[in-house]
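One chain, subunit A, links the two complexes that follow: it is found with subunit B in the first and with subunit C in the second.
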Partner chain A sequence: MPDANASRATESSVPLMASVVLVNPVGLHARPSVKLTQCAKGFAARIELALSAEGPWTDAKSPVKVMRVKAPQGATLHFRVTGADGEAALAAVLALVRDGFGES
Partner chain B sequence: MSEIHRSGRAASPGLAIGPVTVLTSAVARRTTTGDPAEEDAALRAAIERAVADTADLIARVQGEAADILEFQAAMLEDDALAEGAYDAISVGVAADHAWRSALDAEIAGYRSDEDEYFRARATDLVDIRDRVLAHLGGADKAAKITEGSIVAGDDISPSVFLGADWTRGGAIALAAGSPASHVAMLARARGAPMVVGLGPLSWNGPPPALALVDGDAGTVIFDPEPETRRQFEHRMAVASAARAIADAGRFDPAHTANGRRIAVLLNIAAPEDLAGLDPAICDGIGLVRTEFLFEASHGLPDEERQYAVYRRILDWAQGRPVTIRTLDAGGDKPIGGLTIRGESNPFLGLRGIRLSLARPEVFRVQLRALCRAAVHGDLKVMLPMIAVPAELERAGAMLDAEFAALGAEGIACARPPLGIMVEVPAAALRAADFDAAFYSIGSNDLTQYTMAAARDIGAVADLNDTGNPAVLELIARTVESGRARGVEVSLCGDAAADLRLTPALLATGLTVLSVAPVAVARLKAAIATVNS
Partner chain C sequence: MNTSNSGNVGIVIVSHSPKIAEGAADMVRQMVGNAVPLAWTGGDIDGGLGTNVAGILEAIETAWSPAGVAILVDLGGAETNSEMAVEMLPEDRRARVVVCNAPVVEGAVIAATESSGGSSLAAVKHSAEEFYA
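Right after this comes the complex of A and B.
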């Protein structure tokens, strides 16, 4: 089961953090990377992802950088979001990952 | 000129015959302007034009092809891809050289990845690289692929594939490549047979004129003799008639004409083989080869990595039985740092369980990972190349020890049932002597050891026949031993997918057959016609 422990923050300068397990069969590959970056680009907030809560953090709006992470299936993706629309952005990317990027 | 047999990995099913088009890459040279600002502008313009090309292509295709091109477009539009190139240009490097170096570094990163899926993305990056180079005037010239031809080469990019017409036949035979590549997905979607991993394709003299591609078995025959070609064309005719019928029933459990239920399992060589497959097409996985984990480039895999892979396969199976074979190195599968080099006859040497028992420190890691994975599904563990009961007993004692050690450490684990692969005639003759939880007949080696004929030595290949009564008798004896001891007997060699043998195999009493995913539908259809 995906574990999403979004911590709430009242100020936009404090990053929002959450983690979710990659459930789609071959991990964060080509199509999911494109979907994730497209989703992230829809928000003004700075959205970063990492394979560990300690980073290193990767810009979730760059498909080239997201692909370099080469996150396999079963990996836990950590998100760090900063910005005015951060809560909506975090909810959107978490939903996308949890949903297996809409892949069967 | 004699025919040339090559075998690799099946990447897209089906049979094809056609003239050979050899993919060549000739590098054109570009003269640099020598001005960093102009070189920078040249690269930006070339990338923009490459994005526009990709958009044009996207408009003309649908489905999977469009998804692949959208991925390429997203990568091209991302400034992060060219960052290194622009940096190099600013210090005086020519645009084409800077771009090629930056992309080659990116490609190398993909090629060295542990995950086959990510490795396969290297071809997409090559495609992106070459499309931009084409606009910089430094491109590798794309070969013209005539329709219906067998494309032979090192690897092929999605745009070269999409640039050709596959509606009138044709197939792909690659020295490198991967079943997880975008081209392999496209080939499966378009019905173009494809074989990868054939090894270096070099010809003494002119390249072959004609080739037969068997995308089910993963084999290619270049310049076939007339008789070989005639037989192949006959198989093509039979296959196309059978395909339509078979596809309709692939989700149904297999039954013979007289109602005997036959379990159809999958053979897989890596978890990537399961991508996009619905577990409902099979009754489980009859053979997971674990050699892929031990590829030389990565060194020996640790317990965590093995556990993660085994668990992924069990998760996919959703409770269906999964038989994982312990490392079967040696013979024709050398592994650097593990197998013995220079054995006079590697097939009769230190391979399979013999090697695992000789290298207990490596074997233990695999047994631990298997015990941990066993809590996540119906796992069975199979030992390859067993010849005498003592080998099973020693491996069983090691499994017990690792299971106990994990338990003592408080790590979740289960002791999976331990069975043997029956591929040495001695084991087939005396199967009842083994205290095995199941028998899985490895028909490839059982045939070659019984007939003393290798299938890759053309002059004796006709002797390498699983349908020979001697081999069938060994299979029948194993089935009988299984019945007497009340344990399951399955067959997981290539013979299971050879539909000419299906009646003979079912006549031995076998009720479990394990085949490559591509063969499931037609095997089920073939079973339905057998009265046995």
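Right after this comes the complex of A and C.
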């Protein structure tokens, strides 16, 4: 049995997971996608997003791929983060989405 | 047009139309911010639609970064003139300038986004070219 710390991924293969609802009116369109990828690129952790907890997962550091997700307002974005600075990375992307990317 | 000095990869926008080039640069500035050296050029030397090598060389100089420069072009002459401009650069700079095979507006925004995160010239080019992938 993994202990409680196992989900607090440091260099382990167990990713951190969280979901958040897109609140900004345009959803994850061009400008929010750019902001999200810029935020994600500030961390070493592997950061992926999806519209379902089952995936398919998209690299949150790729602006082209993030735009292709075309997530609308009200959609739930799931994040999967792995890496040493994963907790900080997850907190940062969640805060950005909750803030409506500074748009709402 | 220019702004911003940084170690990030520079972006040059080359269009036959100065209005398109300037507008694409405006989009980059507004969507990506000021962390990326940026320059644009468009029009022939008489002010008509076209591109010219001197203008492209000047734009490369304006957007120059030690990390290199990625050029986004629209049609035919924009690409060949950009390649000619790269050929005319001093040898030590030539290898650090690439012409991306990407749509000029979307490619410029994506390339700048990639650059703003501190990515290498190769990563910037690759990301812009994902649009056609």
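Following the convention adopted for this analysis, the second predicted complex is superposed on the first by the 91 of 104 C-alpha atoms of A that agree within 3 Å, B and C clash if a C-alpha of one lies under 4 Å from a C-alpha of the other, contacts with A are read in each partner's own complex, and residues count from 1 in each chain.
Basically, a contact is a pair of C-beta atoms (placed from the backbone, for glycine too) under 8 Å apart; a residue touches a chain by one contact, two chains touch by 3 or more.
Computed from a predicted structure; not experimentally measured.
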First (subunit B), second (subunit C), both or neither touched by A:H29
first
Looking at A:K41, would you say it contacts subunit B, subunit C, both, or neither? Reply first, second, both or neither.
second
Could you tell me if A:S62 is touching subunit B, subunit C, both of them or neither one (first, second, both, neither)?
both
Per the overlay, which chain contacts more subunit A residues, subunit B or subunit C?
B
Which of subunit B and subunit C A:K70 touches, first, second, both or neither
first
Mind sorting out which residues of subunit A both subunit B and subunit C touch, each in its own complex?
30-31, 34, 37-38, 62-65
Can you check the complex and tell me which residues of subunit A touch subunit B?
25-27, 29-31, 33-34, 37-38, 59, 62-65, 67-68, 70, 72-74
Which of the residues in subunit C come into contact with subunit A in the complex?
31-33, 109-110, 113-114, 116-119, 127, 130-131, 133
Within the complex, which stretch of subunit B touches subunit A?
67-68, 70-71, 74-75, 78, 80-81, 106, 109, 113, 115, 117-118, 121, 124, 180, 182, 272, 274-276, 308, 311-312, 316
Which residues of subunit A touch subunit C once you look at their complex with the stated criterion?
30-31, 34, 37-38, 41-42, 61-65
